[in-house]
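First up is the structure itself, then whatever we jot down about it.
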Amino acid sequence: MIGNVILVDIALFAILLAAALGIAHTRSLYSAAMLAGLFSLTCASLFVVQDAVDVAFTEAAVGAGMSTVLFLGTLALTHSRERVTPPTRRVPALLVAVGTGVLLIYASLDLPPYADPANPVQQHPLTERYLQTSQQEIGVPNVVTAVLASYRGFDTLGEVAVIFTAGVAVLMLLGRLRGNAAGSPGTAPAGGLQGEHRVLRVVAKLLMPFILLFALYVQFHGDFGPGGGFQAGVIFAAGIVLYTLVFGLGHARAVVTPGILRMLLPLGLLLYAGVGVATLLLGGAFLDYNALSPQDPVQGQHLGILLVEAGVGITVAAAMILLFYAFAGRGARS
Amino acid sequence: MWLALALAVLTTMALALARALLGPTLYDRILAINLFGTKTVLFIAVAGFMAGRPEFLDIALVYALINFIGTVAVLKLSHYGEFSRAEELQGDDL
Amino acid sequence: MTVVLVASWALITAGAVLALTGALGLFRLPDFYTRTHAASITDSAGASLLLLGLLLQAESFAVGIRLLLIMLFLLFTSPTAAHALAQAALKDGLKPVLGRAARR
Amino acid sequence: MIASGYNYWMAMALLIVGLYILMSHANMVKKLLGLSVFQMAVFMLYISLGKVRFGTAPILDSSITVYSHPLPHVLILTAIVVGIATTALGLALVVRIHEAYGTTDEDEALALDRKPDAP
């Protein structure tokens, strides 16, 4: 059994290493960006093999849906070829990298053996709490969701705040469109794929409702299977990205207007923090969902997780769509 | 049995990666990466069965839906900028 | 039960062989357009057969419906992507390799 | 017993490649790509630490007794989404630098700065 996993692990790692070296070697930045997409696909496969299904889910949605698109969008706005890297840059970098590697390998000798059930992590009382007691305390089968939204809810609030801040910062940098550059459909580059890509447009139209529906399913099914607000937000945004790519920025902005998105971006964060304030007012600690339903704490936990995950989903989706609009909008102007 | 299947799918992925690295044109790379994505969907499905918990097919499902976006993005963004010039494609060295 | 299992593994094997052939074709064929054949045709057939094989081993409705949906989406997206790519390449002026040059 | 750390070493090897890309290349988009490789390597290291032999995903089911540790999953899940948000910020900066200097190359931009009539 463990032998199987080693073989699969090593095969995946070989693919990852080849892709990473390919990124280092190629001078065409388009190729490098696409290889990075491939790299993240393989990483997600590795996460599945290592039991981290929720992480794989997030990586799948982010790596395939958003990250590649943002890199390609940037390249479309800038240069897509790289200069030849001179040896004066290569040699010191190689030395530092190899030195770091040696130090890391040396440090890894002190790490506990891989996947050993006797590891300190597995023996820690917190593991017992998460995997056993959480069923009585929270009653959500997906422990990752329980830890994310409830036990470590305060941490997650901080993460959502970071996403919000990054979204605002990108909007400040790339700003809104000036004048009439909003991209009437058909004008490259902000326009859609016209004429020649009829098949693509029909299939994209067919796929769109499924992507959005699937995002909602992921949002609300996160208690029972892999999924939750982060994944759902990114998948929803990916659906809108597909629509924008195929039908043009003008059409997309008419359907999902930036004004609404700019309201939703802080709204999700406020919803999250608002749940915390509500629990404070009801006499509990900040983000202590038991206070939401004192007679039946598990019910309170369920309500709290639902609201908090909704907040996460709203902010992440709004942030991702706004990020993409910002890059696509720059293309329309220049 | 499952292991053999997983390794077969991984071999397919490795061959696709080889084509993605070799090129020679950017279209070859896009094609190879598209194939790689489909094979990742299969690998995740197989890995779910291999681990005895096939209910995690949601991840494969999200790939099947979203892998398409990457290809569309390359096609869309290739229609302006330096990318669409034929000599750029032909002369793309690795 | 065993009949289903044998049928399932037969389908899975066929799918895996097709997928491998497709990847080999992608690796060996001379130019982009021929590679599109190898990638898209064997890819959609290989993936569908493999997923059908898995479907026969699905224990619950939830697993089965997901496998069916994956198959459906792959059947839609994979040929579309190949078609759009080939069309874009042709528009871009990428010439197919013809005649003797193709028989390297 | 030495081989018991193979998974950590794989993550570390990728980390080194990421670090090398980040330091050696002057192109800022390439730097960000290297940064994301580096980031993924760190994520892999974390996930490796939570894995248990014969364990399975921490989604509870009455028929299963051994689960991998959920805590690294939680940390990395949020880190991935934060990672893409910060990468997007970096890319936005690259776009602005390109608008101001006409290049995405670090060395060229710095050379322009050193000239007396810098933009």
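Going by the order they are written in, the chains are A, B, C and D; count residues from 1 in each one.
We adopt the following convention: a contact is a pair of C-beta atoms (placed from the backbone, for glycine too) under 8 Å apart; a residue touches a chain by one contact, two chains touch by 3 or more.
The structure displayed is predicted, hence computed values, not measured ones.
Colleague: In contact with chain A and with chain D at once: which chains are those? Just list them.
Modeller: Joint contacts, listed by label: B.
Colleague: Just to be sure I understand: the centre of a chain is the mean of its C-alpha atoms, right? Then which chain's centre is nearest the mean of all of them?
Modeller: Given all protein C-alpha atoms shown, the central chain works out to be A.
Colleague: Would you mind checking which pair of chains has the most C-beta pairs in contact?
Modeller: So the pair of chains linked by the most contacts is A-D.
Colleague: Which integer distance in Å separates the CA centroid of chain B from that of chain D?
Modeller: Here the centre of chain D sits 20 Å away from the centre of chain B.
Colleague: Roughly how far is chain A from chain C, centre to centre by C-alpha average, rounded to an integer in Å?
Modeller: So the centre of chain A lies 28 Å away from the centre of chain C.
Colleague: Counting only Cα atoms for the centres, state how far chain C is from chain D in Å.
Modeller: Going by mean C-alpha positions, chain C sits 32 Å from chain D.
Colleague: Express in whole angstrom the distance between the two chain centres, defined as the mean CA positions of chain B and chain C.
Modeller: About 12 Å separates the centre of chain B from that of chain C.
Colleague: Spell out, as numbers or ranges, the residues of chain D touching 2 or more other chains.
Modeller: Touching at least two other chains: 56-57, 61.
Colleague: Please output the residue numbers of chain B that touch at least 2 other chains, ranges allowed.
Modeller: 13, 30, 51, 55-56, 58, 61, 65, 67-68, 72, 75, 78
Colleague: Chain C: which residues touch two or more other chains?
Modeller: Only 73, 77, 80, 84, 88 qualify.
Colleague: Every touching chain pair, please?
Modeller: Chains touch in the following pairs: A-B, A-C, A-D, B-C, B-D.
Colleague: Going by the contact rule set out above, which residues of chain D touch chain A in the complex?
Modeller: 1, 4-10, 12-21, 23-27, 29-30, 32-34, 36-37, 40, 43-44, 47-61, 66-74, 76-89, 91-96, 98-99, 103-105, 108
Colleague: Show me the residue ranges of chain A that touch chain D in the complex, using the header's touch definition.
Modeller: Answer in residue numbers: 1-2, 6, 9-10, 13, 16-17, 20-21, 23-24, 29, 32-33, 36, 39-40, 43, 46-47, 50-55, 58-59, 62, 66-67, 70-71, 73-75, 77-79, 82-83, 85, 89-90, 92-94, 96-98, 100-101, 104-105, 108-109, 111, 113-117, 119, 121-122, 126-127, 130-131, 135, 141-144, 147-148, 152, 155-156, 159, 162-163, 166-167, 169-170, 173-174, 224-226, 228, 230, 233-234, 316, 319-320, 323, 326-327, 330, 334.
Colleague: Would you mind writing out the residues of chain B in touch with chain A in their complex?
Modeller: Spelled out, the residues of chain B in touch with chain A are 2-3, 6-7, 10, 13-14, 17, 20-21, 23, 26, 29-30, 33, 36-37, 40, 43-44, 47-48, 50-51, 55-56, 58-59, 61-63, 65-70, 72-83, 92-94.
Colleague: Under the definition above, what is the set of chain B residues touching chain C in their complex?
Modeller: 1, 5, 8-9, 11-13, 15-16, 18-19, 25, 27-28, 30-32, 34-35, 38-39, 41-42, 45-46, 49, 54-55, 57-58, 60-61, 64-65, 67-68, 71-72, 75, 78, 84, 86, 89-90
Colleague: What does chain A use to touch chain B in their complex?
Modeller: 4, 7-8, 11-12, 14-15, 18-19, 22, 25-28, 30-31, 34-35, 37-38, 41-42, 44-45, 48-49, 51, 53, 56-57, 60-61, 64-65, 68-69, 72-73, 75-76, 79-81, 188-189, 193, 197, 200, 203-204, 207, 210-211, 214, 218, 221, 225-227, 231, 235, 238, 241-242, 245-246, 331
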